[in-house]
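Heads up: the structure comes next, in structure tokens.
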Amino acid sequence: MKIYNSLILALLCLSPVHVFAADGLDSGDTAWILTSTALVLFMTLPGLALFYGGLVRAKNVLSVLMQCFAITCMVTILWVIGGYSLAFSDGGSMNDWIGGTSNFFLANVTRDAVNGTIPDSVFSIFQMTFAIITPALIVGGFAERMRFSAMLVFSMLWFLLVYLPICHWVWGGGWLSQMGLLDFAGGTVVHITAGVGAIVAALVLGNRKGFLTVHMTPHNMTMTVTGAGMLWVGWFGFNAGSAVAANGDAGMAMLVTHISAATGAFTWMLVEWLKFGKPSALGIATGMVAGLGTITPASGFVGPMAALFIGFSAGIICFTATVFIKQRLRIDDSLDVFPVHGIGGMLGTLFAGVFVASQFGGAGLAEGMTIGSQLMVQVTGIVATAAWTGVVTYLILKLVGLFITLRVNDEEETQGLDIVSHEEVGYNL
Amino acid sequence: MKIYNSLILALLCLSPVHVFAADGLDSGDTAWILTSTALVLFMTLPGLALFYGGLVRAKNVLSVLMQCFAITCMVTILWVIGGYSLAFSDGGSMNDWIGGTSNFFLANVTRDAVNGTIPDSVFSIFQMTFAIITPALIVGGFAERMRFSAMLVFSMLWFLLVYLPICHWVWGGGWLSQMGLLDFAGGTVVHITAGVGAIVAALVLGNRKGFLTVHMTPHNMTMTVTGAGMLWVGWFGFNAGSAVAANGDAGMAMLVTHISAATGAFTWMLVEWLKFGKPSALGIATGMVAGLGTITPASGFVGPMAALFIGFSAGIICFTATVFIKQRLRIDDSLDVFPVHGIGGMLGTLFAGVFVASQFGGAGLAEGMTIGSQLMVQVTGIVATAAWTGVVTYLILKLVGLFITLRVNDEEETQGLDIVSHEEVGYNL
Amino acid sequence: MKIYNSLILALLCLSPVHVFAADGLDSGDTAWILTSTALVLFMTLPGLALFYGGLVRAKNVLSVLMQCFAITCMVTILWVIGGYSLAFSDGGSMNDWIGGTSNFFLANVTRDAVNGTIPDSVFSIFQMTFAIITPALIVGGFAERMRFSAMLVFSMLWFLLVYLPICHWVWGGGWLSQMGLLDFAGGTVVHITAGVGAIVAALVLGNRKGFLTVHMTPHNMTMTVTGAGMLWVGWFGFNAGSAVAANGDAGMAMLVTHISAATGAFTWMLVEWLKFGKPSALGIATGMVAGLGTITPASGFVGPMAALFIGFSAGIICFTATVFIKQRLRIDDSLDVFPVHGIGGMLGTLFAGVFVASQFGGAGLAEGMTIGSQLMVQVTGIVATAAWTGVVTYLILKLVGLFITLRVNDEEETQGLDIVSHEEVGYNL
Amino acid sequence: MKIITAIIKPFKLDDVRASLSEIGIQGLTVGEVKGFGRQKGHTEMYRGAEYQVEYIPKVKLEIATDDDMVDQVIEAITKAANTGKIGDGKIFVTNLEHVIRIRTGESGSTAL
Amino acid sequence: MKIITAIIKPFKLDDVRASLSEIGIQGLTVGEVKGFGRQKGHTEMYRGAEYQVEYIPKVKLEIATDDDMVDQVIEAITKAANTGKIGDGKIFVTNLEHVIRIRTGESGSTAL
Amino acid sequence: MKIITAIIKPFKLDDVRASLSEIGIQGLTVGEVKGFGRQKGHTEMYRGAEYQVEYIPKVKLEIATDDDMVDQVIEAITKAANTGKIGDGKIFVTNLEHVIRIRTGESGSTAL
């Protein structure tokens, strides 16, 4: 008994974070992840919905809000049925590629189940909010022209065939995680998949009528800025919540996230000022998202100085990519999901491999890794994610297109999706 | 001493949730309830205010925001003076019906007072946010026609004579709590009282001029969807905060809350799509509120599968009730408070009695209870709450009407309450 | 070993707040400050931005949002470079006046650094959010007329020369903190500096063209009320977060903050009703901010009854000051920053010195202090803060004005800053 | 043909439309305008700043019609829009020389 | 001189402008209006309340022009705004007695 | 009687109103319009997409007045609205055959 006592006490004293009871639950960690879950849901509803909604024309604003809302609901149901299980449970012999079915209908997510230091229920809903925002991000690629029914079917299949496997590869014990891929909060799982998914969808659906010739200015920039502010705040849950604890890792993740957001925003604003003569609210808000998306995979691994650099790079490179895709490639990735999230996610995944090194103030490379070898893993992760997403997104759209018309017709596009798809109007002022 | 050591250690190891110091305070639980308080306030301001505000005509938008705001302030002051005491302190011989006066002016809510594992100050403000949102919900019943002064007096009396007693009955140790009524986060206390209060107010005040004949479309659906998103996020604090701890109960409450919201929303959308040909943003948002209101009393007791069922039922039944009351009964419960919150609250209170059973994945019935006997208690709770609320609301309105005209006159109603009551306009775009 | 055991256990049992591990980190406290950080950022973006943005004319709305956004980014970068160090590190021989350079580039904010019971990273980002909102508040003083470039340079210098020193004086171990100044969450550091800075800026820039003669009504009161709601919620992080722990102090701070907000709002509404005949949404929202600003310095020291009194005083006095400055002095402190934040901050700093006394239900005076001597300290703090801010703000503006035109020209002012400075428009409805 | 332009109070629009339908008017065009006239607006206070709202929201109707309908149209509008209070508005009659229906190219009375 | 007023479908505005430019029209004034006519609006449902949207958003163009341009202008508008579906709108021609350019004080045709 | 329609720069509205009041004009109706003309709009950039804003916000005033006031009204507007820069706008004068005050049924000059 004495020995037992001493052991426990030793444990208590050594525990790097917090004393916890025998069942492993820590109320502080639990409090923070409950909060983080609320913050990440807030990013989608209303954050992202407003950010995107303000950017489209007034006649399509509700369609965008509605798509974000419906995706949130649908993914939740799918997550309960099988998503959580396929992403996070043990896939047995298939575990390299996909999880198993043992947690279908959240079978094992009981009231007492614990996952690390938090209840399993909290872990599963926290992860659910990531699963929700990813397909919602893609809405920006096909905004103002996709039919609502086609959008639902596409999002469902995309979630099942793109999000779930890649989430399992990286976070669920699959091959990329075994390889040691560093993706703290979703550079590959969330941002690269969303970015690539969006641009492929934009290509398959085709540009909006009048793209780059008729006015398609944001109908409500105040809505977009409001959404941007919510995204910034919510992202604290996204990145610092990914520590799955309320400790120094979470704190540092929040700090670097904030720094990168601010630097990305300020840089984008300055570049715009230099190039176009005026700094714009849309520019600063976009730079903020770029800074946030880019730091995401690296947020748990790097220090403040690296964050300054990452935000700065995001501002320059995502800006350049945005202009390039629109003006040169003339691809109507309508709300610029690929250049901001896709490029940002790739950039950040690369940077994570470098700035994790302790000489750059990072958390330190895993044992046996060098910056070079880590970078190889990061590149593998990026390429695999982008390739799988690109191919599967394309196939899903082609498949869905066989059964449902993907795009509204010209007249409907002119009238706007709000009336056409939802028989509602945004404003009666 | 050794024995003492061992005892303590045993306690440490057995404690289901968390180690805490001798005074009982747990910083993790406290952190979560502080956060939950912020979330529940956020539900009212700006959440509910925006949700409601967007639904009325532009000329009344500020009146709705203002009513929510003023109720928040007034209830806060009443809560400090005597509300907290009447709801939660010991009422002595009257304790079955109402609390006592020992905590008037928060006399015992000192800096060191502890309530369970959290400071009493935190408990009292957390509960205050529930007291705030309940009368604010009623605003939807008499929107666009009640005079501001009458609204203030009515809300004050309603808070004192309906909310406080029923809160005491259910959560303050009164007769319903003694009977074993299951109401985790406010199916009876909040939603049934608000729903019944609203429809009675709608009946007493009468329909709006032109109800069902002239256009009364929402003036700003983007505002309503924004508010809906905030309600969803804030509801995490409402339900998961009602565990008054950051533990597995809170986690499960958040999970089932989210599932029911999503399922309710998706179901409502589908029903609308089938019945009216188009799924609408208003529909999905309303279904979400229905799903949330319905799971509320059950949220701490049931599991994920029950949540799917509860959300689904909410979507169907609250939808049907809404259409029925508007099209058949032609009652102008203007923002549909009764069919959504009232019916939802009743439904959920019933379901709580069933799905709490461990065979349905619930937390388990109290000792000595069967599903049947629990259901009897639940029905008693529903009937008592609805009856008391209905009768007292009616009497209050009649009484107030003796002294103050309840409703603006025709010309004022045409001009809109913003100018008439507040000499302000919502928009100068 | 047994003795060691016993010691530890005794410690466990005596710890007033919470058990924590050997390194001092408490996960519950950390969770709450992570959350508070999110809440305080939320106050600025989108809270304050919306609150202010709704009050200006439609042609200037983006300029206000953009100024809040750009200040957020710029201050973040400055904070990382040297701000945190100058405010909070030891300044050696200069420590009375300013911090040192040891923490430049957050040199010591490592992954493991602990500050009290939370990670240093969390403390530094929590404090950063205060540094952000202070210059953002000043935007209200020069709204609708200052050039964007001049605004950036001014804000940068103001942050360096006003905010950082005063923050160090009060919270960083400087002379005012040594004297025992009570300023829990920023009555001097945030509100007096912002208020005085704003009115000085208003005076130096001059009134807006047509001030008090042409219509300058808020262009979107729904936006302002939305922002007000967010400020209220976010302020919970501001004040209760300033306890830097999730304990009874935090709980009481939240409770009194809420009470003062509600009382301030309700009082302002009533005064307006009496004086102008109608209670307005703008009035209730402004009273809320006054109540919040005024309780801020006192929030960690006083009890609920004092909060009622403080909120009530804020409602009356800040209202009177607002009308006086506009109608009598005819100074165009455009969004009334001085009468609300400046006067409120002064009032609250005084009240803190009184109501801290235990006979008024406060936390108790420091040893050796009487109410009289404490009040002397409070007055010293107020005068020093106001004087330094007034003089330095004036000098900065004069200096900047030598190099950059501070104000747009008449034609640009007529056209509006959105087009002129940012080549964007708020709305295309 | 004539164009009849009426400036009326917004909340009377539905009544006017109804009584125009009754006399067989099938088309009209409506715009939002602000009127300055004898009717005075309300005063708004914003934190102590007082603003007299000088413009009153009005609705402007334009109805192209045959000469022989003019009197009936005027009567219908006058009756439906009248409240007897200041600010009820005006009816202006101007000459319409030519009208074309874009869809068919028809012109003259049949195009109305 | 004449004033040509056209009520057209909003999404045709750009086309009409383009074809007016082609025939040398350099100035015009555009307003948003709502049209009541043969074309019917859609039905909106709000939680079971059904509203028939009676007005259709239209755009109103006003072009002051010399007499000899009138036919060309009418033709240009008719062609560009025509979809063949109900609701394409109308063109009204009224007499313009006098025109002044505020900047220069010029009047008559040169002021257009 | 005449209807005088003026298209002016929005920020000149107050000045024009004031100088019309001076010459005794008591009523007028104002609408928001967009003008296309010689004056060119600014260019907006949205993440690299460039949009030339072609329409300029203008205000349209309509004043019904007696024939003998026409010249004074024109002069008052011209003076008050003039900035000398392109885009100052136009004044159009058309004939007003008939006017009715809805409140009283009065017609002709007394109805103005």
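Every chain is named by a letter (A, B, C, D, E and F) in the order it is written, and numbering of its residues begins at 1.
FYI, contacts are C-beta pairs under 8 Å (C-beta built on N, C-alpha and C of every residue); 3 or more make two chains touch, one makes a residue touch a chain.
This is a predicted model, so every value here is computed, not measured.
Engineer: Over half of the contact pairs shared by residue number: find the pair among A-E, C-D or B-D that meets that against A-F.
Structural biologist: C-D
Engineer: Where are there more C-beta contacts: A-E or C-D?
Structural biologist: It is C-D, judged by the count of C-beta pairs in contact.
Engineer: In angstrom, rounded to a whole number, how far apart do the mean CA points of chain D and chain E lie?
Structural biologist: Centre separation, chain D to chain E: 18 Å.
Engineer: Give, as an integer number of Å, the spacing between the C-alpha centres of chain F and chain C.
Structural biologist: 47
Engineer: Please report how many Å separate the Cα centroid of chain A from that of chain B, as a whole number.
Structural biologist: Inter-chain centre distance comes to 32 Å.
Engineer: Where in chain F do residues touch two or more of the other chains?
Structural biologist: Residues 31, 44-45, 94-95.
Engineer: Two or more other chains touching the same residue: where does that happen in chain B?
Structural biologist: Residue numbers touching two or more other chains: 2, 5, 19, 26-29, 31-32, 35, 217-218, 220, 246, 276, 278, 280, 282, 423-425, 427, 429.
Engineer: Can you list the chain B residues touching chain C in their complex?
Structural biologist: Per the stated touch rule, the residues are 1-2, 5, 8, 19-23, 25-32, 34-35, 37-38, 41-42, 45-47, 49-50, 53, 61-62, 65-66, 69-70, 72-74, 76-77, 80, 105-106, 109-114, 118-122, 124-125, 128, 148, 220, 223, 246, 421-429.
Engineer: Which residues of chain C touch chain B in the complex?
Structural biologist: 2, 5-6, 9, 12-19, 26-29, 31-32, 35, 39, 57-58, 217-222, 225-226, 228-230, 232-233, 236-237, 240, 245-252, 254-255, 258-259, 261-263, 265-266, 269, 276-282, 284-285, 288, 303-305, 308, 361, 363, 427, 429
Engineer: Which bits of chain A are touching chain E when the two form their complex?
Structural biologist: 214, 414-415, 419, 423-425
Engineer: Under the stated contact criterion, what part of chain D meets chain F in this complex?
Structural biologist: Contacts found on chain D: 2, 6-8, 31-38, 55, 58, 60, 74, 77-78, 81-95.
Engineer: Within the complex, which stretch of chain E touches chain B?
Structural biologist: Against chain B, chain E makes touches at 44-49, 51.
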